Amino acid sequence: MTPRLSLTGIDKSYGSTQVLHGVSFAVQPGEVHGLLGENGAGKSTLLNVLSGVIRADAGVIEIDGKPVSIASPREATAAGIAMIHQELQQVPELSVAQNIFLGGALRRMGGLLVDRAAQEAEAQRLLAPLDPGIDVTAPVRTLRVAQRQIVEMAKALRANARIIAMDEPTSSLTPNEFERLVQVVAKLTAQGVSIIYVSHKMDEVFRLCRQATILRDGRRVGQVPIPETGVRQVIELMVGRELAKASHHGFATDKAVLTVQGLSRGRAVQDASFTLHAGEVLGIAGLVGAGRTELLRLIAGVDRADAGRILIEGQPVAAGPRARIRAGLGLVPEERKRDGIIRHRPITTNIGLPAMRRFSRLGLIRKGMLRNRSEDLMREVGLRPLDVSRAIGSFSGGNQQKAIIGRWLAADTRIFLFDEPTRGIDVGAKAEIYDLIERLAREGRAVIVVSSELTEVIRVSDRVLVMREGRISATLGPGEINEATIARAAIPAS
Amino acid sequence: MNSMTQSPLLSRIKFREAGTLLGLILIGAVFAWQSDTFLTTPNIINILQQSSINACIALGMTLVIISGGIDLSVGPVAALSAVLGAAMLVAGVPVPLAILGALAVGVFCGFVNGALITWGGLQPFIVTLGGLSLYRALALIYTGGTPIFGLPDEFRALTNGSVLGVPNPVIVVAILAVLAWVILNKSPLGEYFMAVGGNPEAARIAGVPVTLTRQMAYMISGFMAAVAAMILIGRLGAAEPTLGTLWELDAIAAAAIGGASLMGGRGSIFGTLIGAIILGTLRNGLTLMNVQAFYQLLATGIIIIVAMLIDKLTSGKQG
Amino acid sequence: MQHFLKGALAASVFTLSMGMAQAQDLSPLNSDSEPDRMDWSELEAKFGPLPAPPAGTKVGGVSKTLANEYWRSLGQGYQNVATALGIEFVYQAAQSEGDQLGQLSIAENLISQGFNALLFSPQTDANLIPAVEAAAAAGIPVLNVNDAVIPSATQYVGNVQKGNGVNVANWFIANRPDGGKVAVIEGQPGVYAAGQRTAGFTETITAAGNFEVVASVPANWSREEAFNAAATILQQYPDLIGFYANNDGMALGVVEAVKAAGKQDQVAVFGTDGISDAYAAVRSGDLTGTVDSFPVLTGEIAMEVALRLMAGQDLPRVVATPQALITKENVETYATSDMAALRAALMAQ
């Protein structure tokens, strides 16, 4: 049978980093096909290639056996491909019908006026088989998330889509809403529409898909039939067969430096409690959206907790980043550009910001002192080039990360909070960051590392907390830390 | 110091400042060639004196812009401090006390602006646009719309005097400029201004007191507006509630010509000073050449746009 | 407030006289009530024909903004005399009416250029004071020409602001003997001319007994604001018989409101200034009348006064310039561009 869609030998690089290595992938008509992989495995890039957001460097895309060129989202739509993103791309204030016809309104009076009545009738017709309960004149913002997804599907149908890609469609759905989605997907496939289904949730994948393609590190690992292939086997394919060895030296003591008690914020973080010791590296694993970053921001005082408190060396600490920094905490954020660096300022001031008082006398900054200290620190961490008066924005991601670590070293921070410390950093610098984390532990500082890369968590951590849907679902001690134990605790049972 | 000149960032700013200065020299050369009186000492002092009020306002505006905000209310803040200060002077309050009082009015207005922006969470543009009407209204209501005349000579002597031929207002603004330069380039507060303007969220996570920093910027701007008001009423011998119309735009223009980025995070005290002097020089030179007002306006517009284009081209290099 | 201001004005006499030799013994100028004054028509009779200026005489003028026809016409008047007598004349204006510091810079820049006399029309009462003082120190005579009044001015040339309102009030008293309700559309609050014009009208018409000023609202010299204000007033007082607007722009806004309300026959509308649009509206009958203060002629007179001062004549502190109520009956007499004929007509008035 000719596949509805086939991608062959797709390559894609950003700069010197190759993110897709000759990926091939095929979907049959009326099939629900899972696309699985860890964060960073290349799923999003592949979907972006498919929907014309980015262009592949090499490779062929065929629809019904005919090669097609997809150079823009418009061409993707014309080729019958529709994307339903995790973050729905709708205009909340416009009606359901208006959103369905966004960018291709029905017109009357020679194209001068939008024919609202016709749009609403057509929207009604498209939605009837999917969810007749949706009022086509209601503003989209009044709908539930699940209904909004169905509106997106109606929009795809309206564009005569034959292939619909769904990126993590259930991340904000309740179990009941998921059942509704299953029914809608069944109706779509009955009409011959092919669905590409991207999700972390194994039970959903196993419920919906009959085939799954697994990516790892930008390569296709294989295509497996489901449910013939077991959950465990699928996860092993996703994370890699060779189990990462923890080439790890422990420096953990039993001296508690940070105690977190019942920390909560909305649904994102619920009742988190744990203790961190001097010299310890505590990994926090979990899926995207499990609440790891949120927990770290609560500890750092960047967000305000609804409940709970933190103690540092037995003393309660006030809210707000400044109080937390004074108490010895320092956050190395995931989004360096947004939350970490002051782009136009030199390395020196980016390092000196939390500790300006230390580098000042009589209200004036001692520039020479700041410069010498920065240079010493940056020499230690291996900043390249070692020019601390250059704007931080002109350095690579890895070097920026070294400067942010240097910032907290300069402030004598005792508790380092890393959020995805190697995100966007090339392989060489990764190892240097790991060495730095180990050095911090050796010096008796306490470290928390949030990471989506299991190998990373396993490599650096003495203990691992696993988070699932806002809660700490497991605490893994030495000897218990491996991909399987982490994955089991991370993946929701639904 | 010499090692710092090697850094691309600092040399870029210096390059930008040098560019502004070069612009001033070019404009000056054209006028000197066209008019005999232009390059005389009295005329140059004239230019400095005429630029001093805009420069004073623009210094505060530069700090606000660098911290990522904007202060549209400077003119009316100046008017309010002017009429309240003048009322105190006329009522016989000792001159130093009355001046302190007027400056306090400016700082207080800046505090109100800053509080609405930081604690109220409102946008700087909107808050100070409201202030633009609010403070003007207070000044008009207080005076009933009529000027306050009769400021004591003791007070007027402060602004009308000179030291070695340099008028006191020029000296005052020069001192304030040095102070502003020290704050921006040598003090933690200056780093905070640039950090908050460059990336407020990153600054907050790095432990910068963001609220206080913003608050300070608006209070300094209010202070500068009050100083400008004192200089002006000293020169006029009267305080008018309508004083300070369009000062905000002149100040923004001076800061922008001097290299301040309205996106925040970048700007230069020296550049702003030169920017203010460029605007003053244009006005002076074009008047000497007897160019009609409409063309003066045209020239001002062209200079601002050219400065921005040069800015764009040079910052593009940094990538 | 009134008391406070009086105190302030009194104090200013004291302080201003300290610093300025020229301003000695001068009370703060009120151009309408200053006793040391004369009418323009008496100039020639009392001081003889205009003395010829010495060769190389240079006169500078600074006015509010050239975006306003009035100030362009005034400059035209200055230029007329300058051209006729072969004097070098430079005319500058600020970029807009709000540009107080800009006007001060321009005035200061002119002082350094060796002019023999300067004609200033300041934006506000105070904004040109430093230039006036600098000119005094440099020994350059300064004339304050219309309409903001510099309290320390030694020489003022301009019309009697109050007279504008009085002229209009007298028309109502003469032509609407039954009296009725009238309204005033004021200019910018706090501006001397606006206050005096309103006061002249209100005081005169109220004194007649059978008139009532039911509304007096500021429209800030804006035609649009005047239109809105007039529309509101007409709605509130359907039996209104007349409007007086502090300038012609606002009066033309009022005319539109009156037309929109269909009350052209009932409501008389007057403006002030005599701009060309107003003349056209008077001819067509839309505007009942305007008080023309003849800006071109005012400019000529001001320049003549400057030349007389340079020749050493000891003129009174205020020289009042002509004004006349223009209605459909006399509009053609005054709508002449021949200044000699206009002078004759006004002399005969």
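Residue numbering begins at 1 within each chain, and the chains themselves are lettered A, B and C in the order written.
Throughout what follows, a residue touches a chain if its C-beta (ideal position, glycine included) is under 8 Å from a C-beta of that chain, and two chains touch if they have at least 3 such contacts.
Keep in mind it's a predicted model, so treat the numbers as computed, not measured.
Peer 1: Could you tell me which chain lies farthest from chain B when each chain's centre is the average position of its Cα atoms?
Peer 2: Comparing chain centres, A lies farthest from chain B.
Peer 1: Closest chain to the overall C-alpha centroid, by per-chain C-alpha centroid: which is it?
Peer 2: B
Peer 1: Hey, how far is the Cα centre of chain A from the one of chain B, in Å?
Peer 2: Each chain's C-alpha centroid was found; their separation is 45 Å.
Peer 1: Using CA atom averages as chain centres, what separation in Å is found between chain B and chain C?
Peer 2: 35
Peer 1: Please work out the Cα centroid separation of chain A and chain C, and write it as a whole number of Å.
Peer 2: 72
Peer 1: Specify, in ascending order, the residues of chain C that touch 2 or more different other chains.
Peer 2: none
Peer 1: Hey, which residues of chain B end up touching chain C in the complex?
Peer 2: 37, 40, 42-43, 46, 49-50, 53-54, 87, 90, 140, 143-153, 156, 160, 232, 235-243, 245-247, 280, 283-284, 287-288, 290, 292-294, 296-297
Peer 1: Which of the residues in chain B end up touching chain A in this complex?
Peer 2: Going through chain B, the ones touching chain A are 3-4, 6-10, 182, 186-188, 191-192, 194-195, 198-199, 201-209, 265-266, 318-319.
Peer 1: Help me check something: in the complex, which residues belonging to chain A touch chain B?
Peer 2: Residues 300, 302, 321-322, 325, 331, 333, 338-346, 349-350, 352-354, 356-357, 360, 363-365, 367, 387, 389-391, 394, 407, 411.
Peer 1: What does chain C use to touch chain B in their complex?
Peer 2: Going by the criterion above, the answer is residues 1, 4-5, 7-16, 18-19, 28, 65-66, 90, 92-96, 98-102, 104-106, 108-110, 112-113, 124-127, 129-130, 151, 189-190.
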